[in-house]
């Protein structure tokens, strides 16, 4: 029973307090939903509860890791998880994102008369899963956490079940999600198969360390020893293809516009921010950990993927009229830029901090910008199940200058226009890419950014400029900017986000030392 | 060619054939049936690999639960066979898919070939059921369920808990998607 | 003919995976696409068990346990989605999933 | 003292112009008086400057203006012989014309603008005179052009003035273009543009200069002095008020070209000199030919100016800069006289300028007529009038030095006498041919006064001994040189033949007859056409502008639209657009096509795993 | 912090803060917005003049330095570092002057939603002031963009004909340019191992370490073409006339007058002194492109019939002179360019301002439809003449000295004589279009269109509130023209110290000893070919 104790002692549940709290909170939300008496009047009681709960958690977590608990690099659960400073940053990221999703969600759910409890429950479970996913140090945890997230996301995407689009997006996301997790799984299996018995599969054993065969460290050693083993290589690329699906990198980006298009607005934001960020955090962990031995092999592949992603995302986004599809495709392009930075971090192996922090910063800025945008989008009152289009925003600056300005901050930040924070983020990417001499990808990035100006500017134009003149017989759309009352929290959140985004464009104090 | 080998080929034929027929059969019900055959074949292969617990699980979970669910839904929705019109596009996409998959198989073949094991005879290491449960990091293979239980309760406690939440999320998700809407009229 | 080696099992499992993939590519009925996905997972399970058995390491087998859990949950959610969609659209064929397009 | 005077010379008109511009825009009379006073002050300062220095004393003063890198620019004053002469001419003639303007412009609406412009002109012209380096000369050169533009455009409501001012400036710019290149070339060849330093350097090493450099510098002269082929602007410039024509386009500004040549005389190579001499003489003939049939009194005078400038250029080309300066001076007197005379006539005839509408004005305005006659006699080279001395010196020099130039110049001299007497006869003799001329009466004393002074100078201005040596010190060597040349008598006879011949010819055609239109037109229509149209120069330029330059520029514009805006910019956008549509079309929303992406991706990735990396 | 430093900082912060305040609080309160805008535009104006007046021209470093070194990107060497040197001080003052004038015009304009307009314009002004006050290269770029972004919105909202498509076109075009130049700047940041990413530190680092010839050429190419697009270098100029034609007056003034100098400023302060080998090898190529600006765009300018598009084209044409001055890569050329930049900024913004006044009085910008305005508007005509003659380089106005000195610098090398010849043709071209506009608009008889307009509206001469912004520009223009030393000393000091490595014949252009200088020079003369072949060289040659 020694071993039993040994394993159990390793199960440091305390390290997981934010995740556990969040999961418990998720359950509690269900309970609140269940027992809230007045079902019609105070429907969003559990919405408020969820928001408050997450806000408190976020603040407490921040305080905790900023003030009390910033130890570095611990592992728990027999090395299945790895916590550290970066892990705490990631947790903050996801908590923030989840909080924003809940805030936007409350508005969306109210408008569409959907269930609050389930939505927040799923969001919080997904967030907890994401947090675990990004701290995982073992492929089993990785897989299980990933699937938890995925299974929470499928119903979220299809959450508005009265909408055909939402359901269709759900089924599409499910089919391709399952497909991609199958690919990921196959990759893990390959890695495990060779790792567990290297000699049987023509590989060199990494030595007689007593290590978990599914742990990242072991796989890392294995790959370092056998960079030419075909099964291992296949395993690696399959794992990467699974992650490519998450981050929406070519050629696994194809689902992105459809799913973004169909999902409810908060879920789109959630997908765009958290899910994608998780993919990147994971990718960073992998390429700077287990896949380090394969760097030379992977770089050209990633370079190709990144270039393709940038161009494909941007070009396709140019021709889009529907906003959410456009945002999805632009997200693909952003994934491409970030991939370049991932490559840079592979080049900077050993001293990867710079590129990694560049990516973190980029993702934070992307979070701010995305939630501003989706937050404002959620304020539109559209006809049932119709699409968000540029023309919905026509003349927003005149009607609601504050909102319009916030939205402008968000869009400009995404476009990487100085002095908004998105520019600094892009600059950091440029910088690390240049430092690692990724000139080709850098060129693609520059071209991509220029193309992206076209569609971002199209939107800005719609927001700022007066509506284009219409033909006589053309129907003037109804003003979608009505019913803006009772959204104080969301407005406040949008303002705060916009303000933060602006400040970070000029002063990056907190990140300064990390760069 | 010993008995085990014959059984291997038999069951693999079952699994592959069932799978292939499932993919190709017109009617969903028969597809589900073929699927069950395939799953049983895989379960049998598990048995051949001495993973008895998993074989049982395979039958219980897949054949027993999942496929029943499938059949149930097929019946519920009364889904007929794919549209009879074998348009050219379908044919072309079928061929393209076949070609792509063939390419995939070739890729896999090359991969296995490269590891040099399709030709040579590799050892099946004997299972030592009486060995210790673990060497401290990895769990030892065993035919007994005890090892499973040990692993799940110690080393894989966290994933187990997560899967619990996974199932909860799935459940909530299914509820969201299927609960009758009460508040909304029409 | 030499005796069955782990490679044989691996090959069978990969073939199962491929057949599953083929099903995803070929079938237009979303139910069958889901089934094909299950078949792919089965193939993976087989490979995993094979590897687990070859290396006498139980972690792989436990992995299979989790995979089965996930697969079942996925099917449940997928089917629930299909049913909901069928109520709306009256079809489970992939070519009818055409609302989300340019 | 000299320093103060030289500074005051420049500052005075500048301040006056500024004051006029800023404070006196609505107060024309005050502005006029201020301007005249300024001009008087200039004469005072100029005199004190000239006579404050010794006869041959050269005054030099300079202060750094600014410097960029290795290039130092100094604001310097150089007062040597030619500068003294020109200073005198400019300030003296300038004052007279200012006074004349008081009368002439008395009923003009925009007097302030006019007198402000005159002040700017005086400033610039004095600047040219005093400058000690080429860049400063260029600066004032341009400013002179600007003030000329301003004054030509005085009657801007008329299209004629508007076009003429534009033309004058642009054509001058073309000359300045060469001048500019010449200055830059000079700077990089000699390392300095200071005139004195240049002369020292050029004397030390005569090989440094080149014909190209000289000709480029001479471009400035060609533009400003309206020499061939940039002569087209001067006749048009007569659209300005007549005193302006007198001051700028006859007496001083156009003469600045000659002054420039004289100042950089040491740079010139023999080839360049020869070319300029030849060009000048041809211009003398050509302009005379054009003047023959003009009907506008001011245009005739303008062509005669061109012709006389040609004489000066010829003199310079013959290596007699002193004579050129001499002729400049005498020409300034008699041409200013004639222009002012014509101004008086025009003023009297209510801005009628066609000589065929004049006639018999001698009775109505005798003072004007007689002073004008003095001018005519002077320019025709009638013996012992001022023009005789300077012009015959040129002819004599040409006779001795270059016979080709002489022949051309001599023919020009005959023509000069013909058209000048034609002008005189048609204007002042006979009977009034129009209402405006019959109602004419003598102008006020403000206008006749200057006429008289200039008339006296036209008569006696040729006797160089009458002038203080300060003024003519530069000319004396050349005058002596000409004086020592042979064939004096022969030249006197030839001169007499020229002016008497001209007189007779024009008497034959125009004398004492009541003609209302050009008699040559009927007799020799071809010649008339040729002369009237100035050998079709305007037409050629017009053709160039309308048919070559304008279409060519349009062509460039179209090419830009086509290739840069269209092909390069829009083309790139279009290609991106095509790719965008292509990229968009992939996202068809079909699950099947999407799953193909997945399998292709998988196969691609796996294929890379097998083939890529170090295996390749 | 001394008073001067406060002024410097305030010149940036005051308009920016007031811009925000206007946008946030006074979006609908036009009266107060205007009042705030007065401060926003007057403060930089006064600060600019004051700092310029108190500037010590013989200090070859920076005056009034302010340094905040913890802005967040200190790891990249990026600090918030402000200061003025001989080159930036006059430009800073010029930005203040033009900004005041443009702001004045904007406040008095009858624009719709004027608060928004003023707020954005104040932002732009803050960016412009910051641009020239930045010592740090990153902030220099950032401020440029800070000023550029409102331009797009303002063109789109208050622009003239085709504003929507024009705004889009110039946004994309300028972003491309900005990104390319950003690439060059990032390259400098990464490749040069300097403690700080500002002008002096970089020069020091480069002088001590040196960059390889190939690297220099490549980075220079990035900077050249990036900046080139922003400054409308031929053949990347097509956005400019279209943009200026469409933009509202104040935006045209600020953009054409001040913002466009960004690229040139970068080339003078940064690219050529830091990358001498790059400059020398690209120089000849640049000279030919600049000729494209002068001759081709000059020809196009002549065939314009719209006043604003003529001014726009004309300003592009005159950018050619600036590029010429830079192309010769000598301190004479560079200082001359800076002088021309100052003067051109003033003259072109004056032109745009007056074009607006003309439009107000004639209802048209088509020159064929206006004529004989001078009779009723003598002052306007007078000022327009001044601006025209300034533009075409009449002595007495600042432009002349710049152009003349640039020509002079071209003569430095005998090889350039043909270029000198062609470039000098430009003085004829600009005289043609300038005077044509003058005579068409103000001289001659009134056109039917104008008479028709006159029936409905009264044509009046400049009002005091129109005279002030005009005079504010004319006076410094004359100041530079008559007393060039006022700005030339500082420019000369700064440029000479920066161009030491280029001027000193023994300098090795910051190259490692292995690369013979002669080769660079020889290659440099061939220009175009070396630019292309240099790709083969190793990028990291010097590192």
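Letters A, B, C, D and E name the chains as they come in the text, with residue numbers starting at 1 for each one.
In this section, a residue touches a chain if its C-beta (ideal position, glycine included) is under 8 Å from a C-beta of that chain, and two chains touch if they have at least 3 such contacts.
Values in this document were obtained by computation on a predicted structure and should not be read as measured data.
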item: Path length in steps (a step moves to a chain that is touched) from chain B to chain D; value: 1
item: Chain B and chain A - chains in contact with each; value: C, D
item: Chain pair with the greatest number of C-beta contact pairs; value: B-C
item: Chain whose Cα centroid lies at the greatest distance from that of chain A; value: D
item: Furthest chain, CA centroid comparison against chain E; value: B
item: Central chain of the complex, centres being mean CA coordinates; value: E
item: Where chain A and chain E are represented by their mean Cα positions, the distance between them in whole Å; value: 42
item: Euclidean distance of C-alpha centroids - chain D vs chain E, Å; value: 36
item: Whole-Å separation of chain centres (CA-atom averages), chain B against chain C; value: 6
item: Chain centre separation in whole Å, for chain D relative to chain A (CA means); value: 77
item: Residues of chain B engaged with two or more neighbouring chains; value: 93, 96-97, 100-101, 104, 107-108, 110-112, 114-115, 117, 122, 138, 155-156, 159, 163, 166, 170, 173-174, 177
item: Multi-chain contact sites of chain A, meaning residues that touch two or more partners; value: 140, 144, 147, 151, 154-155, 158, 161, 170, 172, 175, 179, 200, 212-213, 230, 234, 257-258, 320, 325, 454
item: Set of chain E residues in contact with two or more other chains; value: 172
item: Inter-chain touch pairs (all); value: A-B, A-C, A-D, A-E, B-C, B-D, C-D, D-E
item: Complex contacts: residues of chain E adjacent to chain D; value: 169, 172-173, 235, 237-239, 296, 299-300, 302-303, 330-332, 335-336, 339, 372, 374-375, 378, 382, 385, 389, 394-396, 400-401, 404-405, 407-408, 410-412, 420-421, 424-425, 427-428, 431-432, 435-436, 438-439, 442-445, 483-485, 488-489, 491-492, 495-496, 503
item: Interface residues, chain D side, partner chain C - complex; value: 584-585, 587-592, 595-596, 599, 602
item: Residues of chain A defined as touching chain B within the complex; value: 3-4, 6-8, 11, 16, 23, 26-27, 30, 39-40, 77-78, 80-81, 113, 115, 118, 121-122, 125-126, 128-129, 132, 140-141, 144-145, 147-148, 151-152, 154-156, 158-159, 161-162, 170, 200-203, 210-213, 229-231, 234
item: Contact set on chain D toward chain A in their complex; value: 576-577, 579-584, 586-587, 589, 591, 594-595, 597-598, 600-602, 604-606, 608-610, 612-615
item: Chain D contact footprint on chain A (complex, rising order); value: 172, 175-176, 179-180, 183, 227-228, 230, 233-234, 236-238, 240-241, 244, 250-252, 254-255, 257-258, 296-297, 300-301, 311-312, 315-320, 325, 329, 451, 454
